[in-house]
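I've put the structures underneath this note.
In the two assemblies presented below, subunit A is common to both, partnered first by subunit B and then by subunit C.
Presenting the complex of A and B:
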């Protein structure tokens, strides 16, 4: 949590979000949540047009902005027969405008994981994160229970927006805008903004308590986390649940903290020109998102597979999301409580289904 | 640099999940599930998630190719089309329109398919138009036409969630229609009862309340046996039978012969289990019955379907929510390919091609004469080619060399043709055998419609440009029609024009238009005056033929049974991670990594008895051919039964399969034949049966 005084120094009031948006759009490519005619919400790069942005409450797109930082598919390096050459991504500055607390927490988590990854970091340094406090729980969300929301953790964004509803509010919203980083502060320097005062910060905290109180208390999640860390879950339970794992990879694709990837080579069978008399093999090495739920994920060249059984793979996934063993490195659980896995799993073994079943089994 | 998104429909199976295509720099870089899609609701299976690999630029054909002296050379579109037109005209004038034909793609759009049958009938003047439904659900189309009057899935996918009993016969939905498979598992969690009828212990069989692991090829005995039990206990739906069926008395008398003891002996299923299944299904408030290739791919395929229909009709489990006879159509648009009339015996919307009035209607609409004589099926075309009567074939997006039965015969047929033109995304085994290969646009590179298994016509949108000089199927046919002297006939500028032309000539689609499809997440046919917003449940008050027909059918043995020379039963299956001939899914390193080391699935006891080690190389042979691969020890099969997936060109199971046919549909008996197994010497790796680039077999 930020020091109260610092926060006050860099806190402003904003009546019209468009002012901020348009200002940032001058220096950054704007990326924000857009809703289409079917109600589908997606993180979309705005190509010049202004669309009404969607914020926070009830608008958690199924796909997080993970792909803007950790690319779904990208070239790493190429080989022309003699030399290896790194292919770093070509980037333009982008602003992710209106990222919810859960996804920001996940980005901070991935920042740690990919700390020494040049590809991730090249994109990362060109991204401005504008977070937004959520005003109500989303359908599968339990961010409060895993310390990932509903308000933005100050260390996870450059700018934070929080809608203040004043007592006896009129129709107009008033936004609290907090610059959390140097980068954030610089991005709004040119705007003449009214400063916020203590009253506004207190109101934000009051609103936080109100939102938190609206969350369903999924006690089975806390219970199941305990059972998991106590090693109390019988193997039979994982076997029962894992029969339903189709290895579709939906959970790992949508989980905003999942970071596993695989590399492969594309070989150009017919090189454009030969160099002297050597056979020129032009290859390009790419990386793509992988999933630990695939049987082949951990299979070794000998054929031996430490995670041969689906039960082992499913157990491993939840271990990675809820084990205390990752706390020293990441300071938090891998799960940010977004609930996307529950929605996308065709086998009904997303986080709610699994934790409920664990609680049920281990309680008795 | 920036990402754009387009909403479309998954190109793999018949579920028709919504899928978001994310593009950057004219490349699909990833896909996303769609939360608001009524069927998929934010889910995708492994194949769907790996869609981008399947159409990636690197593996694609980008220019027309013509084979000269055994090697493919790049030619221009004009050269290719002129050559094709010249040859086709020659064959037609010398040998008649019966000597040429078209195989359309069940993966291409309704617009592509409509164009294909129009080209065949109005340009080539032939009814030789067919597609892979021939070897998949043609018995469903024919069988249900006889019993109900319509061959499509009677209910909707979400009826799974409204059933208290679900029965799955000869299908593996968690692997092949994974989102539906998931819904079945979820229904079970919520209290529905699940009955699985399958010779293999599939994933659903593992979670089922009842798994009837019948001997392969005994479907009719089992189904008649269930009816015998139902009638004996008076568990049938008398009210429904009286009001809506015909033929009950005959059927009842007929199945009296199929008593429990006899049926248990034929099927290998315990009498008590047969009784439990009969009771569950007949006494359910709403029983949803789904079936697949395990019913259709037999010489008795059509009769198998009729037996299924008899069961559902006798129990009144049709025409209401949560019920139905639900053939799981396999491909993303095989329903559409059938609906668009890419079958020798019907025009779009199943209007009979032998009916003079129908021919006149289309002749008038198209301002030209149409084909006069009955057409050949795909197997018929192959057969006639081998006998020198069939000269020229256009194949769109289909790989019969890998996916059709009796590969040696298929290859002979292809070689015998004077002109084989293959229109494809990539160089498949069939494309290797072609005289001319034309580069096709994929689903992400065109606008059009797909029809999923629940009759839902959905729009797909263009996300990127086709690579190189690749073109859309209907564009290619349009150009070819011009080359062949009919410039006005297929002169479309957009796919919407084709769709609108089609809706005016059909009843089931007459209420549809692109704007309506866009507003509604698609529409389920029939969509006409009677059902202006489409129809989620067919046959709710009456059947197209009036009353449902109960038709007596008998158990027949399969064409081949194991004997001294070929002692094992052999069947075919699909794996979750691959699709069809593998031309798309095997481009994904993640899916390819899931390919098992061994492709011949064998029971541990059989492996032990034969002294086989895990993943040992073996030769499997049938009367038709042989294949070398490794074994995969599995408890999915039973002793005496071997199984292979058909996705792998290096070990094509179809070198072994039997093309003995179901008489009414020419459906080949892909699901069963007899084989023998000989281990390869230890440490000798299996040899690949993949064709060389020139299309020459290595092993055979």
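Presenting the complex of A and C:
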């Protein structure tokens, strides 16, 4: 893995993005951001001819690429009437091309959470991450506030692309390409690329400062995080906020770090003809994304529900994202500042609404 | 890597043991327990085509790998489980979680307070203490709704001659064997009889455990000497599915056995939970 000292050796210049994309597409199935038939920007696996992808900060899809690693629904194991057998995902090498810093930080977070999950890891080991530095803040994003961007955090991608352009300055090259990992370096070995020098890396840092300075004032988020950790937000505020939670699970589905799941069973009702005893059921156990905001998330069979009230569930969600209690394990907060919860919430429990309210009511 | 896929177990014995409760004996089929099972740990049971849920061991596997579980019919999964018979196969995964602090308990006067099916998770502790010659220092206070709903009849018969055993019944009672009322109503007299225990283990409905803990503290016991085993919904047993959270801990990993003060500290990390549990007194 690269670090700051030897990064220079692994940095290259690239004039044409298509060269890299086409090269990687030879060894990997290409996953990139594209518009679907409804015009929605989506992370899409290219099955036929490759289309020109949407790229960069202007195109942060509403859904992160989380599902390519932690599948929205997947089989865990099957039962044939006698024994259980693991069903690991069938995977082909994939390249996620052009992942923004916030989503890469989230992937690094889930890498840690799912470190020993065989299903996640089977997918993960076959994925090459090509990150891209954002050149401007996006509409709901506050990645800089939570150390998740706007430039790709070190060691969160295999390759990083950064556009080398500064207004009023001569453009040195179109793109800086940094190999952050051994895997990334190997993936571009066959390309004859010009090495970048210190000047290019300095320019990248300069651009980072420029983008950071363009974010509007999100200090209410930091104020609210601090207040949250003082554990003194009145219950009344959680109750008021939770009235607006419809338990739609939009936030948890779209949150790139949310990882809760449930399991369910499917029964093959048509036993194979070769099985003489038709009573033998073949079953599969699957897991599917779940949401801690659902009323039944913690409800036990007895009816006892430790999180019966919506206020508890809303508080739980934000505790999980912003509590210092998780720092020893994850070394960062569970929120990467993508703002998707705000974008999707039909009520007012998205990140900006909640943090603004806390700031207004508790911090002033 | 974690193993989410269960192994096959077979039901080798089953009998009714209390209202809507059954005593199961399971036998491993084609595997041996490769990890020692701690007192108070639990396992995940998979009913193919139905689902999976956590259950406690009421006996540690014997030499053949057989173990018992006392299971009450409370929901969809257990309803299906109760239709199974001797010889039927199921999925087993475990052991999971952290159990009772048996090393600490061994040297002390122990009071165990169990309510309803909460007797099941403490059964292995009682047997452990009896088998290790500590039975004279053990007192069990067991509360149930009525005489029919008392569980682990065979075990209690076995224990009765070895440990001090008090039983309470919400309905009925008042005779020689069972006192009437809730276990908490008899706690102070049991405390005296047990010569003021050094440590209390409790398992039952959460509200009962909290009431027991509060009463014990009123009787002079430190919160650090009170342990509880909590129930939570679970879908994995290994800290992944997220359902069993208690603040930043998972009941399937850091629990299901918690020291009372540590559990309270977790609950107090979120204000909505404090209010729900009525715990402001201890903030």
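A few remarks follow.
Rule of thumb we're sticking to: the second predicted complex is superposed on the first by the 336 of 364 C-alpha atoms of A that agree within 3 Å, B and C clash if a C-alpha of one lies under 4 Å from a C-alpha of the other, contacts with A are read in each partner's own complex, and residues count from 1 in each chain.
Going forward, a contact is a pair of C-beta atoms (placed from the backbone, for glycine too) under 8 Å apart; a residue touches a chain by one contact, two chains touch by 3 or more.
Since the model is a prediction, treat every value here as computed from it, not as a measurement.
Applying the stated clash criterion after superposition on subunit A shows that subunit B and subunit C can sit side by side. Once the two complexes are overlaid on the shared chain, A:84 sits against subunit C while remaining clear of subunit B.
In the superposed model, A:105 lies in contact with neither subunit B nor subunit C.
Touch criterion met: A:262 reaches subunit B and subunit C at once.
In the superposed model, A:304 lies in contact with subunit C only, and not with subunit B. Put simply, if you stand at the Cα centre of subunit A and look at the Cα centres of subunit B and subunit C, the angle between them is 80 degrees to the nearest 10. For subunit A, the partner touching the most residues, choosing from subunit B and subunit C, is C. Of the two partner chains placed by the overlay, only subunit C lies in contact with A:285; subunit B stays clear of it. Touch criterion met: A:312 reaches subunit C, while subunit B stays clear of it.
In the superposition on chain A, A:233 makes contact with subunit C only, while subunit B stays out of contact range.
Judged by the touch definition given at the top, the superposed model places A:114 against subunit C, while subunit B stays out of reach. After overlaying the two complexes on the shared chain, residue contacts for A:72 are found with subunit B alone; subunit C is out of touch.
Superposition on chain A leaves subunit B and subunit C with their closest Cα atoms 10 Å from each other.
Subunit A residues 262, 264, 290, 299 lie at the interface with subunit B in one structure and with subunit C in the other. Subunit A contributes residues 76-77, 79, 81-86, 113-114, 116-119, 121, 231-235, 238-239, 259-265, 267, 281, 283, 285, 287, 290, 292, 297-302, 304, 306-309, 311-312, 314-316, 319-320, 323, 325-326, 329 to its touches with subunit C in the complex.
The touching residues of subunit C, when paired with subunit A in their complex, are 1-8, 30, 46, 48-53, 74-78, 89, 91, 205-206, 231-233, 235-236, 238, 240-248, 268-276. Subunit B makes touch with subunit A in their complex at residues 1-5, 7, 20, 22, 29-30, 32-37, 41-46, 48-49, 52, 58, 174-175, 178-179, 181-183, 185-186, 189, 203, 206-207, 518-519, 521, 576-577, 589-590, 593-594, 597, 615.
Residues of subunit A touching subunit B in their complex: 29, 36-42, 44-45, 47, 62-63, 67, 71-73, 90-92, 243-244, 246-250, 253-254, 262, 264, 266, 288-291, 294-296, 299, 303, 343-348.
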